[in-house]
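A, B, C, D and E are the chain letters, set down in written order, and residue numbers restart from 1 in every chain.
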C-alpha cells in the first residue's frame, strides 16, 4: 500500500534522512522505532508532503506522492495525527473536528461527531471550547479524533499518546486495536514500546536517518539486545 | 436635542460606512491573518471602475457589476503573483510587499485615469432624501449604505462562523500546513477568499464613490481608519468590527459636532475652535489608545 | 539654454495641480519654439511628493549640480516655506506659480522671490467682500485646521462685514462632513463660505448637495474647489456656486484667448487657474530673459526686469507690488451648466488692482 | 519533620463556569519529589500556572517559604527560586542550545541592564550553560539552533533550562512527554539525582517514572485533590484506580 | 575566519566609499550629492534605531517617525527661540533656546526619551498588531498636535534660520556636515552592534522569541522592553535633530505615518535584525527613489514592483542576500 524507496530528505542545508526504505501492506500496523531525533517524524512529514524529499520515491497505492501537494496526498486517504498535536487554537472542538471531515476510505460506518464524542467523552464536555483552551491531553484526543474524522485509509499516529493519562492511553490503544481489526492500515510512532510491539505487525528501527533493522514486531519484543542497542531500554 | 439625535445618527451612519470598508479587511486581515496594506487599492479600483462605467453607460447596475468583477480580479492576481509566496513569512514581509503594491496601484490609476479626480453620481433610484426626523431630511443613499452594511455584516458573520469554508479559513490562518495535511486545498481556498476580500473592498469603493472623491490614493487614508476600526473591535471578529466601526463613527462625529461648543465654556472662541479641531482630529486615536491600554486585545478578541 | 528648475507636486492626490502648472509652463515654451522671450530654455521638472524635505533636496540638486538660476513650480505653502528661503538666499530667483504663504509676502519677503499667482488670502478676501456686498447677513465658514485654513478664514473675515454664524475648523483630509452639515443646518446661516482644497472640497460639496442644503443656503468659496478639473469630479453639486478667482477662461483679452485655445488644443482639456498661473509665470520669466538677453546671472537687471512684469498676462491687468506679489483684479465666477458641460462663468470684477494685506510688513 | 516550601490555601481557578481548580490545598516539602497526577483536563497545568504566577487565582492563596506570594508576578517568583518547565516545549528557537541555557543562567545573575560587553564571550554564563548541556547529554548539540532540534531533544533542553538558576522549587509539567523510552530512563535517573537538592512538583503521565521517583503523590480529579499519599497508598487507592490508573497494564494488554 | 574577512573587506570598502564621497563628488562637480547623502546617512540612523526594536524586540512600531519628528522639532524650536530671542520658559530660570548642536541633540534625545517612556508604558501592554496600531495612534496624535501648533508654524512647518553650531566645525559647510553625519552614523552603528550583542540585547531578543519563557526564567520583560523602546526613541530623535539641521526646516509631516511606514520599509528591505541591514535598506530605498524619480515622474510604478521582487526573492532582505553570498562562496 505504502512504499518508501531510498528517500533522502532534510531541512535547510542538512540532510536528515539518508535513504529510507519502508513498506506497509494494506491492513498492516507498522511502527517506526528509534531514539529521539533519528528521523521518525521527518519520515512522516515526507509521506504527507509537508517536507519535500530530495531523492527517492514514495508510493501510495501505486501513486507517486512526492510530487503531490499535501492536500492531494491527504485526499488519497492518509490521515495524520502530528507530533505536538497542532490542533487549531482558534476553532472550537466541534469545528476542529468538522473542518476537514470527509470519508476518504468510503467506509460504511464512517466516523462522525457522535461516534467521536462517544469515544472521547471528555471532548464532548468541551465541544464549544476553543482549541487553545484545552488541556494538553484534551488537545491530543482532539488531534486523534480530527484525523479519524477524515476516515483515512492509512492512519499515521506520531506520538499520539503523548501526555495522555494512562486510562485514556489504554482507550486509545483499544481504539487502535479495533481499527486494526477492521482492517485499517496504520503507521505508528510511539514511545510506549511495550504496548506498541503487541499491536504492531512489523517494526522498522531507525538510527541517524537510516533504517537499521526491520521485521515482525514479535521478534523485536523478545530481542532485548536490539532494544538496548537502538532504543536504550 | 433634535440636533443631538441627528448627530448620533450621523455617527452611526459613518460607522456603517466604515464597516463596509472594514468588512473585506476583517476577512483578509482579521481572519486570514494577512496584513494587506494594498486593501485600500482594491477600494480605489472599485471606485474608479464604477465611476468610469457609470460615466460611460449611465447604468449603476452595470457599474457595480464591473467594479466588483475588476476588484475581485485584481485581488486574485495579486494573491497569485505576490501574496501567495508570503503566507508563511513574517508579517513584516507582507507589509513591505503590499506597500510596494500601493505604490504600483496608485501610479497605475494615475497613468490610466490621469491625475484629476473622477465623478460619480448617486444612482437615480436613491437620489432623494427622506425625512427621518421632523425637519431633518436624510439622504436616501446614506440609508442604503446602512442597509448594505448590515447585510454584509450578517453575511460575513454567517460565512466566517457558520460555514465549513469559514472554519477552514480560520484554521488556515493558524496553521496552514496542518489544514493542507487534512486534505484541504488551502492554496486555492485562500486565493478565493482573498478575492472575496478584494471584492468587498471594491464594493465599499463603489458605494463610497458618489459620496467621496474618487482619486488616486483615496484608499490610504481610509485604510488607516479601517485598521483602527478592526483593532479596536478585536481582530478576527465581525461583531467586533461592526461595533468598532460604530464606535469610531460616533466618537468622530460627536467629537466634531460638539467639542467646539463644549470647549467654549472653557476658552475664548478662537482658542476653543482651534483646540476643539485638533482634539476632534485626534479623537479616534485617543479612543484607540485608551481602549488598547485597558483591553490590550481590543473589545472583542476572537 | 537657460535652465529653469521646477519643483512641483505630481504625485499624491494633488498631483494634478503640479501637472497643470507644468503643462501651462510648457505651453508657453512651446509657443516660443523652445524659447521664452526669445531665449532658449530648458525646463527640468521633478516631483516633490508634497514633502517639504524632498522639495528642498531637489532644489539643492538643481542649484548645485545644474547651476540653475531660476526656479519655480511649488504648489503647496509648506513646501514653499521649506524651499524658498533657502533658494533665494543662494542667489537664485524663485518665481512662484501658486503657493503664496503670508510669511513670504510680509516680514520675510525677499528680493529674489516673486509670486506670479496671488498671496494666499486674496481669493478668500474677494469672497468676503462679495458675500457682504451681496447682502448676506450671516455666514457660516469652514476650513481645515491648519495655517492655510486659518489664513483663509481670516482673509474672508477681513472683508466680510456681516455676522459669523459659525466658524469651524475641520480635520485635514477629512472625508465625511455629515456632522458639520448638521450643525450648519441648525445654525441657519444666510451663506456658507468654505475653503477645503482638493478631495475635501469634492466630498463637502457632494455631501452638501445630497443633504439637500444647496437649495436653501448658497455656498461660496475660493476658486480652488472649482477649477475645471475638479468641477468634472464634483458634478451638478457645484452648479450655482459663486467662487473667487483672479482668472477665468472667459476673461476677455487676446492673451487669454490664445492661451485657452492653445491649451485645449494641446492637452485636450480646459485649462485650470493653475495652468494659467504656470503659463503666466513662464511668460513673466520670458520677459525678464528678453530684457537681460538671457542672463539671469546679471541679478540686478534680471530682478528689475521681473519687477516690471512686462508681459501679456492672461489675467489682463497685472503688476507687482513692493513685496513682489501681484497687484491685480479679482473676479467672482459662477458655476453654470449647459449643453457644453459644467464650467465657470465670470460674474463680475470685485477688486480692481487689489494688493495683499501683508505688503506693508515687507521692507523691500 | 521536613519543612514546607510551597503550599496553597484553598486555591481556586475557574474559566467561565468551568472549575479548573477547586479549593486546592497542596503542600510541597523541602527536598521531596511530589508528583501531581490526574486525568487529562483535571487542572494540573492550571495549578502549575498559578504557582508560577502566569495565572491569577480566582481565589485562594499561595505561600512560598511562609511568605504570601499570591500576587507576585511571574518573574519575581522565578527569581525567588521557583522554576517551571512547560508542557509544550517553549525554548528560544532562534538561539543555539548554549545560548538558551546561558540566557537561563543570566536570568539569575542580577539585572541585565548591561549594554556594552559581548554576551557571547561571557565566560561564566557559558561555562554554566555548558555544564548543564553536559548534564543532559546535549553537549554535542550545543551549537545547534533550538528550532532545529528534534522533538525529544527540545524536551530535554526544556528541562535543562529550568535548572539553570539554581532554584529551590522545580515545577515540571510533563517533562517526559515526547522523550523516548531510553531517554525517559535517563531523565528519571537525572531527576532522581536531584532529589534532596530541589523540591520538585512533578506533573507526569508516565507512571513508571512517577512510581519510581515520587516521594509523595497527589491525585487531582476535576480540579480537586482526591488523595495524597505514598506511592503504595496511591496505587492501592480504588478511587484513584478508577479515575486515573485504570486496570493494571497487564490486563489491558491481554485485552488487546 | 575567511568568511569574516570577506565581510570585513566589503564593509571597509563601503566605509571608504562613504569617506571619499565628498572630495569625489566635488571633483566631479556633483556636489549636491554630498548633501543628499547626508540625508541618507541620517535616515540610516533612524532606520537602525527602528531595527533595534523591530528586528530584535518584535516591537513593530508604526509610529517611529514621531520620535524623529520630536527630535527635529526640539532642535528647530530651540533654534527658533534662540534666533528670535524669545524665552521658552522663565521659571525656574529663563531659557531662550540654543543653537549649540550638542545641546540640541541632548535635549532632543531627552524629550524623545520622556515621551517614549510615557507612551511606551501604555503601548507595551499590547502585543503584535495591537502594538503596531497603538504606536500609530500616539504618532497620529502628535501629528495633529503639531499641525495645530500655530505658534510653531503648524502644518506650514518651522524654518530654522541657520544650522546649529559646534566648536571647530562649520556645519553650514555641506562636506563638514556630511562628515559629522557619517561620524554619528558609524558611532551609532557600533553602539547598536554592541548593544544587541550585550547582555541586555540578548534579553530583548529573548523577549522577541518567547516572552512567556523569559518571564518564567525570571526576567521582568516589561522593563527590558520599555528600556529598549526608549533607547530606540532616542536614536530616532538624534537622527531627527540632525535632519532638522540638514534641511533647516521641520514640519508635521515628520510625524506622519508615511514616514513611519517608510522607515519600516527601509528596515525590512535591508533585512531586519541585522543593524547593517537597516543602513543598507535606507541607502537603497532612498537612492532607488531618487534614481527612478530622475528618469520618470511615474517612478512609483517601477519602485513598487522592485520592492515586491526583493521581498519575494530575498528572505532576509538585502543583507540576507549579501550574507548568503559571502558565506556561500567560501
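Note that a residue touches a chain if its C-beta (ideal position, glycine included) is under 8 Å from a C-beta of that chain, and two chains touch if they have at least 3 such contacts.
In this text the structure is predicted, and so the values were computed from the model without any measurement.
Asks: Keeping to the contact definition above, tell me which chains border both chain D and chain E.
Replies: none
Asks: Look at the interfaces B-E and A-B and say which one is made up of more C-beta pairs in contact.
Replies: If we tally the C-beta pairs in contact for B-E and A-B, the bigger total goes to B-E.
Asks: Which chain's mean C-alpha position is the greatest distance from chain D's?
Replies: So the farthest one, by centre of C-alpha atoms, is C.
Asks: What's the chain with its C-alpha centre farthest out from chain A?
Replies: C
Asks: Take the average of all CA coordinates in chain C, do the same for chain D, and state the distance between these two points in whole angstrom.
Replies: 74
Asks: Report the inter-centroid distance (CA atoms only) between chain A and chain D in whole Å.
Replies: That pair's centroid distance is 28 Å.
Asks: Counting only Cα atoms for the centres, state how far chain A is from chain C in Å.
Replies: Centre separation, chain A to chain C: 74 Å.
Asks: Report the inter-centroid distance (CA atoms only) between chain C and chain E in whole Å.
Replies: 36
Asks: Give the residues of chain A touching no fewer than two other chains, as numbers and ranges.
Replies: none
Asks: Considering chain E alone, which of its residues make contact with at least two other chains?
Replies: Expected reply: 144, 147-148, 150, 299-300.
Asks: Residues of chain B touching 2+ other chains?
Replies: Within chain B, the residues that touch at least two other chains are 106-107, 110, 274, 277-278, 281.
Asks: What chain-chain pairs meet the touch criterion?
Replies: A-B, A-D, B-C, B-E, C-E, D-E
Asks: Touching residues of chain C toward chain B in the complex: what are they?
Replies: 10-13, 15-16, 19, 145, 150, 167-173, 175-176, 178-180, 182-183, 185-186, 198-200, 202-203, 206-207, 210-212, 229-230, 232-236
Asks: Using the touch definition from the top, list the residues of chain A that touch chain D in their complex.
Replies: Chain A reaches chain D through residues 11-12, 14, 34-38, 41, 83-84, 122, 126, 133-138, 140-141, 159, 162-170, 173-174, 177, 191-195, 198-199, 231-233.
Asks: Show me the residue ranges of chain E that touch chain B in the complex, using the header's touch definition.
Replies: Those residues of chain E that touch chain B are 54, 60, 122, 125-127, 129-130, 133-134, 136-138, 140-141, 144-145, 147-148, 150, 257, 261, 264-265, 268-269, 272, 298-301, 303-308, 310-312, 315.
Asks: Show which residues of chain B lie in contact with chain E when the two form their complex.
Replies: 35, 82, 85-86, 89-93, 95-97, 99-108, 110-111, 224, 227-228, 231, 235, 274-275, 277-278, 281-282, 285-286, 288-289, 292-293, 296-298
Asks: Okay, in this complex, where on chain A does chain B touch?
Replies: Within the complex, chain A touches chain B at residues 48-50, 69-71, 73-75, 79-80, 82, 86, 88-91, 95-96, 98-100, 102, 104, 146-147, 150.
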